[in-house]
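Report on the structure given below.
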Amino acid sequence: MSGSVLTYTFLGPEGTFTEAALLQVPGAADANRVPCTNVNTALERVRQGEADAAMVPIENSVEGGVTATLDAIATGTELRIIREALVPITFVLVARPGVKISDIRRVSTHGHAWAQCRLWVDENIPNAEYVPGSSTAAAAVGLLEGDVHYDAAICAPLVAAERPGLNILAENIGDNPGAVTRFVLVSRPGALTERTGADKTTVVVPLPEDRPGALMEILDQFATRGVNLSRIESRPTGQYLGHYFFSIDADGHASDARVADALAGLHRISPATRFLGSYARADEQKAFVAPHTSDAAFASAHAWVRAILGGEPGA
Amino acid sequence: MSGSVLTYTFLGPEGTFTEAALLQVPGAADANRVPCTNVNTALERVRQGEADAAMVPIENSVEGGVTATLDAIATGTELRIIREALVPITFVLVARPGVKISDIRRVSTHGHAWAQCRLWVDENIPNAEYVPGSSTAAAAVGLLEGDVHYDAAICAPLVAAERPGLNILAENIGDNPGAVTRFVLVSRPGALTERTGADKTTVVVPLPEDRPGALMEILDQFATRGVNLSRIESRPTGQYLGHYFFSIDADGHASDARVADALAGLHRISPATRFLGSYARADEQKAFVAPHTSDAAFASAHAWVRAILGGEPGA
Amino acid sequence: MSGSVLTYTFLGPEGTFTEAALLQVPGAADANRVPCTNVNTALERVRQGEADAAMVPIENSVEGGVTATLDAIATGTELRIIREALVPITFVLVARPGVKISDIRRVSTHGHAWAQCRLWVDENIPNAEYVPGSSTAAAAVGLLEGDVHYDAAICAPLVAAERPGLNILAENIGDNPGAVTRFVLVSRPGALTERTGADKTTVVVPLPEDRPGALMEILDQFATRGVNLSRIESRPTGQYLGHYFFSIDADGHASDARVADALAGLHRISPATRFLGSYARADEQKAFVAPHTSDAAFASAHAWVRAILGGEPGA
Amino acid sequence: MSGSVLTYTFLGPEGTFTEAALLQVPGAADANRVPCTNVNTALERVRQGEADAAMVPIENSVEGGVTATLDAIATGTELRIIREALVPITFVLVARPGVKISDIRRVSTHGHAWAQCRLWVDENIPNAEYVPGSSTAAAAVGLLEGDVHYDAAICAPLVAAERPGLNILAENIGDNPGAVTRFVLVSRPGALTERTGADKTTVVVPLPEDRPGALMEILDQFATRGVNLSRIESRPTGQYLGHYFFSIDADGHASDARVADALAGLHRISPATRFLGSYARADEQKAFVAPHTSDAAFASAHAWVRAILGGEPGA
């Protein structure tokens, strides 16, 4: 954060898909990029003012929500998502020079990556034993350090490209060729991002316990105002079984009247609802807005109620 | 409306239940009370400024909504209900002196009254023919004028009490001893009546045709804000079969946040929604308000949304 | 009901719109047609087995539900609607020969007809006094009997056409040129009418009092199964203010799985729900059926549940 | 599965919380207990008939749903949950004899356990480095094998108790003293378990994509029949972002009429809905059943509909 150069933290180490997501941000290539060992640390540095924003994974098309991120932004000092990025997920198998696929006995990578290459592994190296790694990049880099107990690693192409000592034995080994991970850039609260017409709003809504049917009430706040949801994840609050919060992405921007009205409804039902930001959709897909949920419809309705409360005819 | 004396129109003639309802209004006994031959006329004089308010029946516990009133206040220049009154409905059978029950061949009264005395008639004067009358009072008064084609009339006790020439042959001949009619006092739009905590709000909501499920959407505007409904009547708009408006009484006052918010929702769904007033309930029964639909909950929610839109933390 | 000739009662007298509706029924022209002075009598004769069916009005595009009919079929011994008929409503002004429009001082007709000719009356005979009549036909026929207190009557064209002594002074005097009345043919319970694919089902659902939101629950029984409603009328039960039943027409036939399922749901919520019949729509408009509410979807769902309950795999 | 001795697989190795859950099953202490290295293998052996049932974790009060289990039972050959077990989760820190807390540089355990002891670690061994382990037990057992790169492990008390070579340095080091994990015993489809009145039913419902509001429709299938939900988890289908299935636990047994009816509704909306079993609740808490959702109410409703379809009066 020295001078005018921005500082970004990200879930490291270097060479992960997260850094690839960060490099999509205009100017990030020339900014300070600080890899962190976990999501919490990346976010904490932003909270403490040591970084301007953090890039962290939030959702994977194969593995689902990234729970560490969902939980970290749902609690603690409030943060704001200001941007999203989508990164196609492809995997390569790497080893030290001279090692062939048939030589492989033990493979290391992050558990999520291992899960996503299961079919390829079963077919090509069925007897390989899995060695848990703290990240895909760490597993790969470990090979260069010599004293690890495994012969190969599964990692992102970026890692291998940056390290000449690693030999790529197989490419595109992920089970799902369309796999994609969604990342979010998280900052401290500040002025809302500009409304583009193709926006998302993220909220965290604890499920009130004292009212049966509360989840339907929560969903109804969106439905009744024509606000579509693109993601909904349940997460335990950690207090006891069956106590949840919901992490929700809704189409639209907080400055859209229908979204602002839905937010007010959520706050009434669940006062600890947390707003996590409105930001441009990576796919730039405009929201469909029914006439009766347009800004104009809300403005007209509120003008009408004001007239009534003022004792004027409503028409 | 001359000087400081108020002028009230009412559905006449004198001696009907409607005048009894009007006499419940403080000061009405000393005001100008102008009987009108039909509901439309009574209301039109208010619209034209010739009267301050009109007392008209709106709902009967036996016969249902008074359609003439429901339709008359749903269209034309906007009006406001400022008070309601409940009048127990009891009927007497009257005739000229000397006429006995066994002499009765033809009985006149208003169609609604005839319907409400069916059991007594079947048991006591089963062969009597029904002669339609324009009102219960008109039927009774007609007996004093001599040239009518009937021997007896069914009317309100008040009419008989005021006319010595009428002889009461039977009292309390209504089939339903708990029958009650609800009347409303209707004025031109002006300052809202004071909120008492035990209020009703009346609206007219045309059913939008272009959206299936619109009736559920309308009801949901109340339900989602915890606003209870005490009356809902469907009425045809007169344009074609299946085209309705709904006349609705909701618990609460337009200056209650939950009611104001519901009104705004109704206006969005059905922009021709008409507000017909908020007024004290005759039974003085307070509305139950759930914490998340209280004025405080709405104020807190709107403050939170304002903070978010202003770029501040929401907490 | 003697021999093979059917007997139909109808809301008389002869010449009313109701008889026109009855004549739409195949064979009715050659059947016994018995006019009754009121809806209750027409229905009671069917209940007693003295007639095969009764034709009665149920809904008018201008005046709304015919409350006498709605109430009469909602209580008492169960009946079934087996057919519906639509009759355009047009009015004529009749008088004795020699009487001109400018001579008219008093006009008689049924109250509903008077209400539907208000605009024409205001413009053409603004000073005419209204004399209530028990039916439009009775008012017209009265003119031929000589000792009535009025000069003219408003009635259906059919009445005038059948009575040479009546002179038509004006035609098509109704305010709403598209006015139509819907009639239903009512019989005793028996085998369901055949399903045509363009059917209606009529039910009467008392609103349970012990559960707030019961009306939405009732509507949801239809909505959740994709059953559209073409008519919904609230009627007081007569017990006290605010106690209603709803008279509902739904698209579809009781032997459609989605309708049968909705009926079961209604019975659970309001056990006194009354089924009033399934019958072909007069307009022959087919219902739209979403795939997940088709008979096939219900059959598949029930087979699946049976498999589960039998301990078999569900797939 | 040899002879009459049952064979159970479980997520191993021995000494994990999963084995503790298995030992709650009557007779399991004397059965063949086969530890498996992952949930998929444990379930696959049941599918292949090599084991009678598998005990696997499904939900943790701190970490949330166990995604490996949720995904494994949602796809592939159908299975049935026949029992649930709750196990309090407590952790101990173990090392080889002679090692003191102040000596610890590197700690191994499963990622979930590491996450649940974060506070204790930060306070007591803030500089310890984390070494990912494939299970808590494997991390502990590794200490006895000599050539591992870490000094201590976090594991369940059961592991330490069974291995004299491990020294317990600290007990109850979990951040959340009330932490509990829920396990399920999974078998092949067969006769439904007996209804106890305190049952749960688990289903997997893919979210139909072609209908907005489908999630509310799904939830409404339960709500409209008074069936309470105790768990709802969204999981990606893995096809693309935003494509989900929901894993749901509902109160009640498939042979409860309200649950069977809800299941049929789910199947209509989402034909690929998968039934995963009805089984007794571990907490033996009876479900509240409103009168209109009782078996009697359903039986009465279906009898009524059958009468109607048979042409009989409904009353």
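Worth a mention:
By letter and in written order, the chains are A, B, C and D; residue numbering begins at 1 in each of them.
Operating definition for what follows: a contact is a pair of C-beta atoms (placed from the backbone, for glycine too) under 8 Å apart; a residue touches a chain by one contact, two chains touch by 3 or more.
This one's a predicted model, so the numbers in the text were calculated from it and none came from an experiment.
Listed by label, the chains that touch chain B and also chain C number zero. Between chain A and chain B the centroid-to-centroid distance comes to 57 Å (mean Cα coordinates, whole Å). Per-chain CA centroids place chain B at a distance of 59 Å from chain D. Residue positions of chain A with contacts to 2 or more other chains are 220. If you sketch which chains touch which, the chains form one closed loop in which each chain touches exactly two neighbours. Chain pairs that touch one another: A-B, A-D, B-C, C-D.
On the chain B side of its complex with chain A, the touching residues are 78, 189-192, 217, 220-221, 224, 254-255, 260, 263-265, 267-269, 271, 274-275, 292-293, 297-298, 300-302, 304-305, 308-309, 311-315. Residues 59-65, 67-68, 86, 111, 115, 130, 132-134, 176, 178, 180, 182, 212-213, 215-216, 219-220, 223, 228-236, 238-244 of chain D touch chain A in their complex.
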